[in-house]
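Each of the two complexes below includes chain A, the first together with chain B, the second together with chain C.
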Partner chain A sequence: MKSKKKMNRKGQMQMTETIAILFIFFILLMFGVIFYFRYQKAAFQEKEEELLGQRAMESTLKALFMPELICSRGEAEPEDNCFDVLKLNSSSETMQHYLDDYYFEIFSYATITVEEVYPENKTWILYDKPKPDFTRKEPTFFVVTLRDELAGKNQPHYGLGYVAVTVYS
Partner chain B sequence: MRVERKIDGKLSRKGQMEAIGLVVIVILIALGMLFMATFALKSEPQKKIFTRKGLAYSTMSALMKTTVRDEAGCSFLSAEAPKIGGDVIEDCAKYKDVDRSLYQCIGPISHQPLHSCAFLEEMITSSLTKTLGGWNKNYEFHSQLITLQGETPIDIVKPICEKGFCEDVGGGCPKWKERDSSGLFPINTGAGLVENTLYLCD
Partner chain C sequence: MAYGKISGRRGQLELTFNWVYVLIAGTVILLFFISLVARQKQVSEERLSGDVVEVMSSILAGAGVSEKTKNFIDASGLADYTLYFSCQDGVGEFGIKDRPARTQNSIDPLFAPREVHSPQIVTWSLPYSMPFKVIDFLMVIPANVKYYLVGNDADFVNEFVNATEGIKRTYVPNLQQIEPEANLQVRLIDTDGSVIPHSQVPVQLQSFDDTEVSAVVFTGINQVDFYQKQGSSWQKLNQKLLRIVSLPGEKNAAKYGAIFSADDQIYRCNMGKALNRLEKLMEVYGGKDIASGLIGGKLQKLSEHYQGDISSDCRGYLEQNNENTVGALSRLSSNVAACRLQPQSCSELDLIEAAEKLKQMNDKLRVSCSASLY
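The block that comes next holds the complex of A and B.
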């Protein structure tokens, strides 16, 4: 009788031990699963941001080297990081006019503006097509020279400005 | 004999269970370490690096090409407007130790005719504040004159940071910070070689 009782108690002890171990194991497993899903969510968001950043980069490069804006002189090599003010004046209107027909394929949902910093403070809105229900936007800036052929006496005037390219997702 | 074997069998099974437990723990720790390593070794996004480098270069390139407007009243020497990364820097390098430089341009901040070195300081400070400063970027601008080979370079313009002159207000992009440089923009002047550099950091 006595040994049977002892064995019963031992069995109970072992059962409790097993249950406790299983409980801890499942808690650890649950933590692992939660952590993994959180990591996956963060990774997905990061990937989304990366793709948006990449698009911002591509759009900025496209804008910087657009023949409609870049400083050119006949057949000579165009000047890098330079926009022609005369081209800017006419392009802002043209680009808005052909926004859906032509430029949307190049820039998709984006806003491109050029701001003059020196000598004046002019602004040119070249392309403006924000996504109607955007959740995220990524602005990229690049400093450029603004060549004004009409301002200088013998040589063109070079002002300072920047191009802001904002992409939406 | 029978009892001994039974005890032995029980003991070995218990040992096996413990070993499995240990293996599970080791696997869990290894997985945790793997996750931590993935987080720690994650490199900076490509866009950030590209933008910082490109921005530093484009800023410097644009700044050096900029010409001083006629209203600044400094182009009495020639009909052409003086270029920052040419005439003005050369004038500053040549006459930095003299009270009066050839160009006496009206500064964009003080609105007074200034020595070309003082004008450069105002012009660069104003331009960088309106661009990089407006986007909350940390930066450091250096313009150094190298007269002879091996001689210590001299600052012709005090190093300029996002809050003003670096030596007065600190900040900027010290070497220990992760920074990108515009590269050297060398200008050959009558006084020697002037090297202009812009550092950008977060």
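The block that comes next holds the complex of A and C.
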């Protein structure tokens, strides 16, 4: 009788021991999972920021070399970092008109504006497609010359401005 | 004694049970970790191929905007992978063969072989103008392809050899002088259509796999044909007439595009992308109704400016003379629209002629006036 009781107690103790081990095991597992997911989330956010920065640079680069905007010189190489003022108005119209079915593939969710700072203060909104409910945006600016062939006397007049490209995610 | 026996048997049973339990639990844990490792391997491979496509996209985007530059990309790290390129219905696609990572693009024309498995890739960007700058064409040239020039167009042979430094190419007076190298694919460029259509595949290339030997033939007026080796003879790939839509001149992007395209389908599809962009640019220069003669865009600004200047030649070159810029742009616009809407009935020669006319008018504006169209 005594021996049976002793064995029951031993069994109960073993059972408690097993439950305690399992409990600690699951706690540790939970810590591991939480840590892993926190790390993954941070890494994902970091990657997202990196990609957004990269996209901002690529979009600016694409805008600077767009045939719709650049200062062409016949068959010669176009002028560097220069936008043709006479093309800006119609480019804005064309880009907004074909925004969803063409230019969206080039710039995705972004806003591109050209701001003239000298001799006047003018703004051209070339492309405007902000992401609905965006969580992050990355603006980049690039100084450009603005060529107006009709403003000067027998030679084009150059103004100064900047192109602002904002990308959203 | 009886109790001792029972207790012993129970102990034995417990011991066996413990071992079985440990074995099952161990196997389950082991399987869990094996599946975890397998899953991680799959995820990291997918991530790697995604990264490769992403890096390639960035390289191609960068190369696409830096005019007339050649980039030599070391792809030895991708030795285990085969890149594939395709273009259908105006949408180009590239990625890693048999992997889920891929990217699609309906904007940038990319002239490439169907598959690239090479330790080095050359990307070369050339501006396409019609007559104003339309877009940059990007050529993807694997280092394991050798280009042999044949035919009698000496000017083009010289131009090509000078322009393609760093790419394996050589001129051979006839097909018998081709000396194929091991592990190199072969593309023949017949500069005037005098060699390939009238000959068999050279004997020294007949042992090559059919997919490794191809030819591009320039013939007629701005005409191009694509050929593929089929045993000892050539098989023409394009069933319909295919013309190079470009203006004459050095480094003709559309002609180079044909040289570096796998076949007529990739070529046609990418030229379609360029025509699409040309249509948009036409609106920037002439407004959306320019095809029907109603001016807008930059042309309207020029017209308004020269309106009051009665004595000026500029007004005449713009819209008063028999041959004027408005008319030339309008004709080009209607030709482009026709080619975009009905490629079967498109007259590429009319389109080229209209672009040539616009170029002449713009040259006159450049010489005589303070402003020109482009």
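Just so it is clear, the second predicted complex is superposed on the first by the 126 of 169 C-alpha atoms of A that agree within 3 Å, B and C clash if a C-alpha of one lies under 4 Å from a C-alpha of the other, contacts with A are read in each partner's own complex, and residues count from 1 in each chain.
We adopt the following convention: a residue touches a chain if its C-beta (ideal position, glycine included) is under 8 Å from a C-beta of that chain, and two chains touch if they have at least 3 such contacts.
The model shown is predicted, which means the values in this text are computed figures rather than measured ones.
After overlaying the two complexes on the shared chain, residue contacts for A:D80 are found with chain B alone; chain C is out of touch. Applying the stated contact rule after C-alpha superposition, one finds that A:E68 touches chain C and leaves chain B untouched. In the superposition on chain A, contact of A:Y162 is made with chain B only, not with chain C. By the touch criterion defined above, A:T111 reaches neither chain B nor chain C.
When both complexes are overlaid on chain A, the residue A:T140 reaches chain B alone and has no touch with chain C.
Of the two partner chains placed by superposition, only chain C is touched by A:S90; chain B is not.
In the superposition on chain A, A:Y98 makes contact with chain C only, not with chain B. In the superposed pair of complexes, A:Q54 makes contact with chain B and with chain C alike.
Within chain A, the residues touching chain B in one complex and chain C in the other are 54, 152-155.
By the touch criterion stated above, chain A contacts chain C in their complex at residues 3, 54, 58, 61-62, 64-65, 67-68, 70, 72, 74-75, 77-78, 84, 86-87, 89-91, 93-94, 97-98, 102, 105-106, 149-150, 152-156. Contact residues of chain A toward chain B in the complex are 21, 25, 28, 32, 35, 39, 49-50, 53-54, 56-57, 79-82, 117-119, 140-145, 151-155, 157-162. Interface residues of chain B, counted against chain A in their complex, comprise 21, 24, 28, 31, 35, 45-48, 50-51, 54-55, 57-59, 61-63, 65-67, 69-71, 79-81, 83, 108, 123, 126-127, 130-132, 135. Of all residues in chain C, only 3, 58, 61-62, 65, 67, 105-107, 129, 131-136, 249, 276-277, 280-281, 283-285, 287-288, 296-298, 301-302, 305, 359, 362-363, 366, 370-372, 374 touch chain A in the complex they form.
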